[in-house]
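Got some structures for you, see below.
Next come two complexes built around subunit A: one with subunit B, the other with subunit C.
Let's turn to the complex of A and B:
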């Protein structure tokens, strides 16, 4: 499970020995995030974001549990109970703003974590399972965040729930009954709010469970690294503790500075003003938009404007709306197939000249453009841009990536991590 | 097999998107989007600054008290302030007796029931009460306002983009529609003859659709008399009540900013120490 040179846990005092013989939990921690886990010595700051995502989840769970003590899941009382937290609960404004912005920061670090994986090929053998579990966590996070946004029962909460559950009604035949079953009614109402609250409280713990599997799967091959070259000897690695605990501690400080700056000085910057208006089923907001972290997917959804059918007959096989929904879910589900779409044996984008060009000049601008267009009203110029960007998104992952991995000639790889770092070849005898 | 399937799916989705792109372009050429009066004549909020702006900003207590006076004498005739209690006014610098007096003297009384008969009744406010609404319910509010519903103002500055400046601009933004030109010199009624304000509405280019149901609430100077002797110009009143509504939307703003500086200070020291230990631990390792 680990490298043969991994340090072994040696319980010192009698109590530690007693515990270790009966429940070796300290041993587990030692081997997971302690000195017993050898990690490549050349990890850059992008490797901080996994730990940061874990911290963000903890922040969400802790603040969320406190909010749940004061929140009241009722269509008549939810909005006012959130304002009660903001005004009358001791430091409630802090807990609520931290939770609200914590969700955004959770997505920020997870997006960086995902792009780290995409660039450095962390999804490739032997780490496919880590990647699959990671995409699962991402899907669970999206569901959790969506349900959480409904809970304050503001205008965007209500209309967001209306739009998102409306996706299901695009499914032929069973769509509308399915939507009503999910909502417990014809529209989002008390039944929906109650079950969203229940699930919003449950899902973070499911996420925590999948994270345990994610980290377990990580410890089988060990962490990847910026060169993508596998670990060959003890010289290539350092023990996680103290080396990476120290580096993660510094990264955590930087992360918290950004988080605190936004939470305390611009807490509503990432939110939408309409959610400070109580939900009103009779008044549709001029412009319904999801939270910023869903915007790329929302842009893909809206980019499908023509029905798929047999030309000149008027027979429609897939309506534009259904296709938008399929594409939106497809845009995330395709990530599950990534390990088998990108067949290049070279992991790191550093040594893949062609892949790197498409990554920086194709994928990244495409995602930025989708995020930007997703938040815009459906004016012609934004529709055109999102159609181009969405088309590129699918072409990039489903067509370009398999072709690039076949035709590309990678740059020569270093013989070992140590050689890449020190410029000197690995000392065989020392290992 | 996976790659073949992916290739076909990719071709299908991107093909449909490119078809859609062609469709969008053709439609845009055949029937170009019509300019709308709302789009071309809706104004961005005016530039206005407040004592509570910025990361060090604190509310100006005198201004909040003046704003409360404007709210209670002008806005409160139609707009509720459901989330604010009389006791909260202590934060504006009033002492306990002043808060009690304010609650007792409030124009609208608090709904209650007659303890003898159980009939609906009203009683004077006490500090623990939320500010009573001017109308008993939505139907009454609409009936009295030409079927328009005056929104609750507690959160109004958070519920609008650039809220405090928006409220100020809206109050200052009533214009005579005849001959109204925007900054580019375009005349509204010449460009859009259909945009003439319907009867019962009022022209205000800072309102999203340019026509607002609310009549100009602050029509001229000296509509209220300030206790502190400040001259009650139209601009002064609009600014004071906007600041007051910024406070009602976020009464804990000052706590938030001061806690933020404390947290940043702590984190700065933490991060420097973490950086130093990181450098020390890694000193012997090239990486």
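Let's turn to the complex of A and C:
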């Protein structure tokens, strides 16, 4: 699907004509990311991050397959095999650091990608399906990253595995059997490490599959844009190739500069030093924290202590442990409902003064605070801050957004993308 | 759907007809007449319900059972394997543990704390109002008669499974002088009962017995 003015694929040579009549794969590519896909002309650099996320996935798959050629999934040998990769395998140190930091950069670009969508209303009709598939990809990414972090079998690997499989033991009745099924035993051991290796290999290909659906869904309505105004005419668009392939290529260059700078000069900046200690099932490190990209959700989990009061509102079955786990998963699952919580017909936050205030002065500081508290030890002051931030997170999406979208008076929208770009004065700008 | 309702109101046996055919809107008129004439419906030979419909349902059901039978081993392979389930009990010599000292040992791949409580710790544990605890248990409930100073628990926080601090010398014992879990800040008292933080229950006391004055068997 595309706009009627999209350029048509015309095979020139004999070979391409022959192929096009039998398997029109070049035609598909031409219409997907070539000149056959018209894109709004006013996309800013926030629209680069989808492509960057795709590149990050490719980096992870390529370096991951290479690492699996040298890694040994055994509780006795895993840690040493990673050191073997670092010291003995040709360029092994580079490939291992690229994979390790690649995960962080994958999450950096995906978080910016998500916040782009949140600000510009990219989740709104007719793009709900793109958003739902995106949240699914995010969940799969987190599962994949978790299982990957377990593989070196350091202290953080082991205790991360213990804690995260422990989430499932909070479920009433079936929880503990479910946890033992996930682990294949009573505690993380050989069985757990072995299966996490297998699943860590599988999941990126599942992610790649869902990404195909994500991009397919995107190509039905076409890209959103910073004004949130729909495309009205050919003037509003430019062909994807060469205009956005070039722009994305430039963005990719900048991204890679940051990526290799960290990989070469500060490869352990984003990691935790305790994961250079081999796993010890008898001792938990005093300061155990997850990887930085899980910190906000970890803070929400930790915010639910019995002292907090919510558990004993009559239903005693919901203990603090279960509440924390439900809240943590709920904080992501509620994103699935976002397109129906924000009912404002105006897409872009740019034209929504009240929404914009809550976004910049509510949601963003709240997420930063959660990330910060997630990395702090569970002392009273950090727990209280986490509780405030976690409460705001849920209130923002479940109460503030629905109310704001009802009471807000949006600013006048431009009549078209072209009008917004060419800078003609808007008719009602004085208001 | 109307077929089922009408059959019920007339108090006759439910028609054995597959639901699929009843749901077909096109057959509604015929089905109605069948319901008004139960003798026809009972032998399942109404024009709306063919013997072939039964074959369809039987075939799909059989395939469903087959798929479930195949899925079962694919799922159950992940449960604990025979070598993991081959659980042994362990015997621990506790003669060298002085009051106020504790050791960590490993049982079923999980840490076990064996602690020789000081008289002060025993007194403090007995002083607590048991009814006010989140998981009410006395020290006597958690130890063996005559051996109240021997506190043997799994070193697994009941929240998400970290090993609490406090067993080794110099570690933080938390606000209640027992154990403190660094992962999410659960505090346990001198009888290893949960007092503060997100953990739902006391540290688990495994099955154990003194087989002599100085040797304890766990498991």
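Quick notes on this structure:
As a working rule, the second predicted complex is superposed on the first by the 414 of 431 C-alpha atoms of A that agree within 3 Å, B and C clash if a C-alpha of one lies under 4 Å from a C-alpha of the other, contacts with A are read in each partner's own complex, and residues count from 1 in each chain.
Throughout what follows, a residue touches a chain if its C-beta (ideal position, glycine included) is under 8 Å from a C-beta of that chain, and two chains touch if they have at least 3 such contacts.
Computed from a predicted structure; not experimentally measured.
Superposition note: with subunit A as the common reference, subunit B and subunit C can be accommodated side by side. Of the two partner chains, neither subunit B nor subunit C is touched by A:362. The angle formed at subunit A by the C-alpha centres of subunit B and subunit C is 80 degrees to the nearest 10.
Once chain A of one complex is fitted onto chain A of the other, the partner contacts of A:286 extend to both subunit B and subunit C.
With both structures placed on the common chain, the touch criterion links A:26 to neither subunit B nor subunit C.
Between subunit B and subunit C, B touches the greater number of residues of subunit A. Once chain A of one complex is fitted onto chain A of the other, the partner contacts of A:379 extend to both subunit B and subunit C. In the superposition on chain A, A:195 makes contact with subunit C only, while subunit B stays out of contact range.
Judged by the touch definition given at the top, the superposed model places A:340 against subunit B, while subunit C stays out of reach.
In the superposition on chain A, contact of A:162 is made with subunit C only, not with subunit B.
When the two structures are aligned on the shared chain, A:268 is found in touch with subunit B, with no touch to subunit C.
By the document's definition of touching, neither partner reaches A:11: not subunit B, not subunit C.
Once both structures are fitted on chain A, no C-alpha atom of subunit B lies closer than 7 Å to one of subunit C. Within subunit A, the residues touching subunit B in one complex and subunit C in the other are 286, 304-306, 320, 379, 383. Note for the complex: subunit C touches subunit A at residues 78-81, 84, 104, 106, 108-111, 134, 155-156, 159-165, 168, 172, 181-185, 196-200.
Interface residues of subunit B facing subunit A in the complex, by the touch rule stated above, are 2-3, 6-7, 9-11, 13-14, 16-21, 23-25, 27-28, 33, 55, 82-83, 88, 151, 154-155, 158-161, 163, 208, 249-252, 255-257, 259-261, 263-264, 267-268, 270-271, 274-275, 277-278, 281-282, 285-287. Residues of subunit A touching subunit C in their complex: 159, 162-163, 165-167, 169, 180-182, 184-187, 189, 191, 195, 281-288, 301-302, 304-307, 319-321, 324, 377-379, 383. For subunit A in complex with subunit B, the touching residues are 41-43, 80, 83, 86-87, 93-94, 97, 238, 242-243, 246-247, 249-250, 252-254, 256-257, 260-261, 263-265, 267-268, 273-274, 276-277, 286, 303-306, 308, 320, 323, 327, 330, 334, 337, 340-341, 343, 379-380, 383-384, 387-388, 390-392, 394-395, 397-399, 402, 421-422.
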